[in-house]
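Each of the next two complexes has subunit A plus one other chain: subunit B in the first, subunit C in the second.
Presenting the complex of A and B:
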């Protein structure tokens, strides 16, 4: 059981009221949230300091223009925040940020995390081609019913981690009447402290029947998603077929919240081929693919970030040639994470498995 | 499979244990197949999974990562990290349907010349059974 703040407005208006309250009362200096940049449902993450500008904020908009985990890391990479900021993010963005903090790419200090029981987000394509505006009604309707929303990101379809793990406040959306009332669960002491003075609190349970049934539905959906692509049957030929389409733009690694290296090894001179290297390669093999090493790049990236991948789906979204990267990464990463019973971003106290060890373990891989 | 197939195994050997073990096998004149191409690294934990992957995708029939026995690492705990990293890589190979038998992690100490020879003989045999690595034939990889 936790304390619940009930506001008799739509979910989005309720969150806006909360943000306005936080700014006006001086409890936070800034608000980090999605904001409309024009009337056509074009949104971007923004920092808002003036309470009157909160009206343009769309904190629960079903789109992820960038994984906020990466953005928050860029805010706190050098120094922790000096003054409190309220951020409204999706659960996977929060998990990504927690992972980044674990590898010392940011700091959690002075953040007030507001998240929601996440119904999922639409692919970026939909914003670009304008279809998203037509979808919004259907979106909120399906959220009320607690069902899987059609046409959202494939990884959102199969996401089981839609309940935020480390948020201070959680907006309950799934299975709720989001048009009429806004329920904000204060899940930590910090959350309760920040909400002091905004209104009356009641007691409530965040985990509902609807959430449990949606989780089961999504589990089935995830299995379907994996079965469709049959990753375990890939083998070398499957990999070449799938990643043969790759144009080597490295957009997936640039957008990936976990890929944090300032100079990626794949873009460094280590993996740069000199003209003479092309010649010797051609001589040896009788031909080569250009740009080279796309299969190597993707498996290599899996080896580097697999342990922390949160399956947010940004990579698939930005892929210009529609490779289902996030599905492949999610499947493989989950298997890697299962070896260590690790759920990335769940617990800030828990270190990344690769920086610790048990003396007696994994005897099956050594001899 | 051709009968005269001689596998090529790329070995990342730790300077303090396995490399010295290989040396001992040599000075003790123990016979083992000439299939291994040793690369000396200061510690098995120096081996980025990308090294293994590069060797594998560029046509090595097998890749061996070898270092000190757990607890004996020259740098106290390097090989424990190697083990975790290697477990991840092996899992990735399995999940993508690649032959994970083509990568192996072994602990061979500086005094284990005979064990070095045994590991190489054994691994050469296993690799022979697997046949040439299919990455060799893939031109446009």
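Presenting the complex of A and C:
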């Protein structure tokens, strides 16, 4: 059970009221949230300091123009925040940020994390096409029913981690009457402290029947997703077939919240072949794909950051040739994470298994 | 987005003039590798300028031949196919240097231990030899010239602990151009040996021997003794340590030294932890050191002032609990029997032991002589001491069978030797590890028994594990030898050349490398938010390279590209 702040407005208006309260009361200095940047539903993450600007904030907008985890990391990479900031982010964005903080790519200090039971987001091209505006009614209607929303990101469809793990406040959306009522669960002491003075609190349980049934539905959806791709049957030819489409833009790595390297090894010349190597490859096989190392790039990235992959789906979203990168990543990452019984971004105290040294670990593969 | 120069400067590999030298190693290589064939195949490779063979490349004649050939052919890179780098890498590096070529532009490939000696089939060994030489040829153009550096070094030494090991080390080390600072926690020097009555096996007076050592130390003008003092901080590395010492006047001293000798000795197991021995509960149950004191004072007496008629000496107290044999107790228990027999010839003496450990050339005779004086040796386990009306009873089992308990007037217990109570603090302060039983961990139990993983920090005597007096002195001498050979007064030190380096531009500042560096050679630069290698401390082990999340670290001479090229060719 936790304390719940109930506001008799739509969910989004309720959150706006909360953000306004936090700014006006001086409890936070700034608010980090999605904000409309023109009338056409084009949104972007923004920092807002003036309370009157909150009216343009769309904190629950079903879009992820960038994974906020990456943005919060760059805000706090050099120094922790000196004053409190409230941020409204999706659960997977928060998890990505926690993963980055674990490897000292940011600091949690002075953040008030507001998240929600996440219904999922639409692919970016839906915003670009202008189709998104037409979808919004259907979106909120399906949220109310606690069902899977048509046409959202495939990874959102199969996401089981839609309850935030480390947020201070959680807006309950799934299965709720979101156009009339806003329920904000204060899930930490910090959350309770920041909500002091805004209004009357009641007691409530965040986890509901609707959430449980959506989780089950998504599990089935995830299995379907994996079955479609059948990565376990890939073999080398499957890899070549899948990644053969790659044009080498490396957008997936640039947009990935976990890809923390300053210079990706695949963008250095470490893996560039010398003329002699081209010659010997051609001699051996009678021909070769140019540019080389495409499969190597994707597998390399998978091996490198798979353990921390939160399955946000940014990579699939930005891929210009529609490679289902995030599904492949999610499948492989989950298997690796299971080996270490690790859920990325769930707990800041839990070290990343590949960074931590454990004397007794993976004993079954010894000798 | 391409940062070419960051990763490695691309030289013109085609311009290199590479020479390959195959050593026959007498019959060792020549008998099982077809060297003519090797030369034929290797000479045909376009990157090779010259291929030569020699009967014994490491001989004076061979070295001269190699040097002249390098110079005559104006080579820029050299591959020698011979024995293990452990054996002759340094030899050939010196030859390269004398021929005017940077020794790190040379590669030794091992065709003796890894081909000739282990592959029975000559054709196969020959094929493998060619493969290894090709791998070295592929690697060597990617090697970089590395320069040696020199740093000033302090020859002075700090010795922590003034027991027999610390005193011996100090006396050996102190000389005109080397000062020793001897730091002792207690108010006098001498340690535990000072508390003993006589020494085995010749039964000479302990106090004579130790006082003489203490006098020598106190009279030595190159040894500064600080009693009632404690080392509180040690920072730095071999040749350049700075130690802080809190002295008895509560002053803080700062000492600049080149090496640290840890001779902190031992403590004794607190037998009260094992109640079945009755220590602290019954009168007339004594520890070994209490019994020594009784003997030093002259008389073996019971609490009531009478002489005991029978004494039980109990070995192995705490051996099972601590998990090791303390090694010295059996022999000093024999000594105790001798104490008793010389002072109270009619007293009965029983030695209760689990296993007798009396190795060494002098001790068997000592044991037999002691036995001949009428001492009963009883193999026993599960000992429990009880008391009734002033009589102590030793209850015990032998081979799982309970035997008749033995009544005695007095009991002497030989408790396990433990690390000094200060050991944890000292290990943390010096960044050295603790091994079995909590004793300081040596670098290698057989090959480097007095060194630690921290270069310049040495462990001697019981600080490293249970030791008797001669063993402790031998270790003190070993440490002196190590310090004599590594810190020569007036001579500079050459730190490791093949150190790790961190590319600032690639480092994300996650500090994973800091947690795996056992030499304390990496620090975090808060301003730049990157990790930095202290090249003087780094020994090039490569742990950090493996831990680096963003591929920012490489070890000089073992870079990814060098290893990659070598492996690719070896497997081709």
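Please note the rule applied: the second predicted complex is superposed on the first by the 349 of 367 C-alpha atoms of A that agree within 3 Å, B and C clash if a C-alpha of one lies under 4 Å from a C-alpha of the other, contacts with A are read in each partner's own complex, and residues count from 1 in each chain.
By definition in this document, a contact is a pair of C-beta atoms (placed from the backbone, for glycine too) under 8 Å apart; a residue touches a chain by one contact, two chains touch by 3 or more.
Quantities reported herein were computed from a predicted structural model and do not represent experimental measurements.
> Specify the partner with more touching residues on subunit A, choosing between subunit B and subunit C.
B
> Looking at A:357, would you say it contacts subunit B, subunit C, both, or neither? Reply first, second, both or neither.
After superposition on chain A, A:357 lies in contact with both partners, subunit B and subunit C.
> A:346 contacts which: subunit B (first), subunit C (second), both, neither?
A:346 contacts neither subunit B nor subunit C.
> Name the contact category of A:144: first (subunit B only), second (subunit C only), both, or neither.
Neither partner.
> Quick one: classify A:78 as touching subunit B (first), subunit C (second), both or neither.
It touches subunit C, and subunit B stays clear.
> Looking at A:265 after the superposition, I want to know if it touches subunit B, subunit C, both of them or none. Which is it: first, second, both, neither?
Touch partners of A:265: subunit B and subunit C.
> Scan A:285 for contacts with subunit B and subunit C and give back first, second, both or neither.
first
> In the superposed arrangement, does A:335 touch subunit B (first), subunit C (second), both or neither?
first
> Common interface residues of subunit A with subunit B and subunit C?
After superposing on chain A, subunit A residues 265, 355, 357 contact both subunit B and subunit C.
> Going by the contact rule at the top, pick out the subunit B residues touching subunit A in the complex.
Subunit B reaches subunit A through residues 49-50, 53-54, 57, 70-71, 77, 80-81, 83-92, 94-98, 104-107, 134-135, 138-141.
> State the interface residues of subunit A toward subunit B in the complex, per the touch definition above.
231-236, 238-240, 244, 265, 285-289, 292-293, 295-296, 299-300, 302-304, 306-307, 331-332, 335-336, 339-340, 353-355, 357-359, 361-362, 365-367
> Can you tell me which positions in subunit A touch subunit C when the two form their complex?
Per the stated touch rule, the residues are 77-78, 103-105, 260-263, 265, 267-270, 274, 280, 355, 357.
> With touch defined as at the start, can you tell me which subunit C residues reach subunit A in the complex?
1-4, 6-7, 10, 13, 505-512, 515-516, 529, 547, 549-551, 560-561, 572
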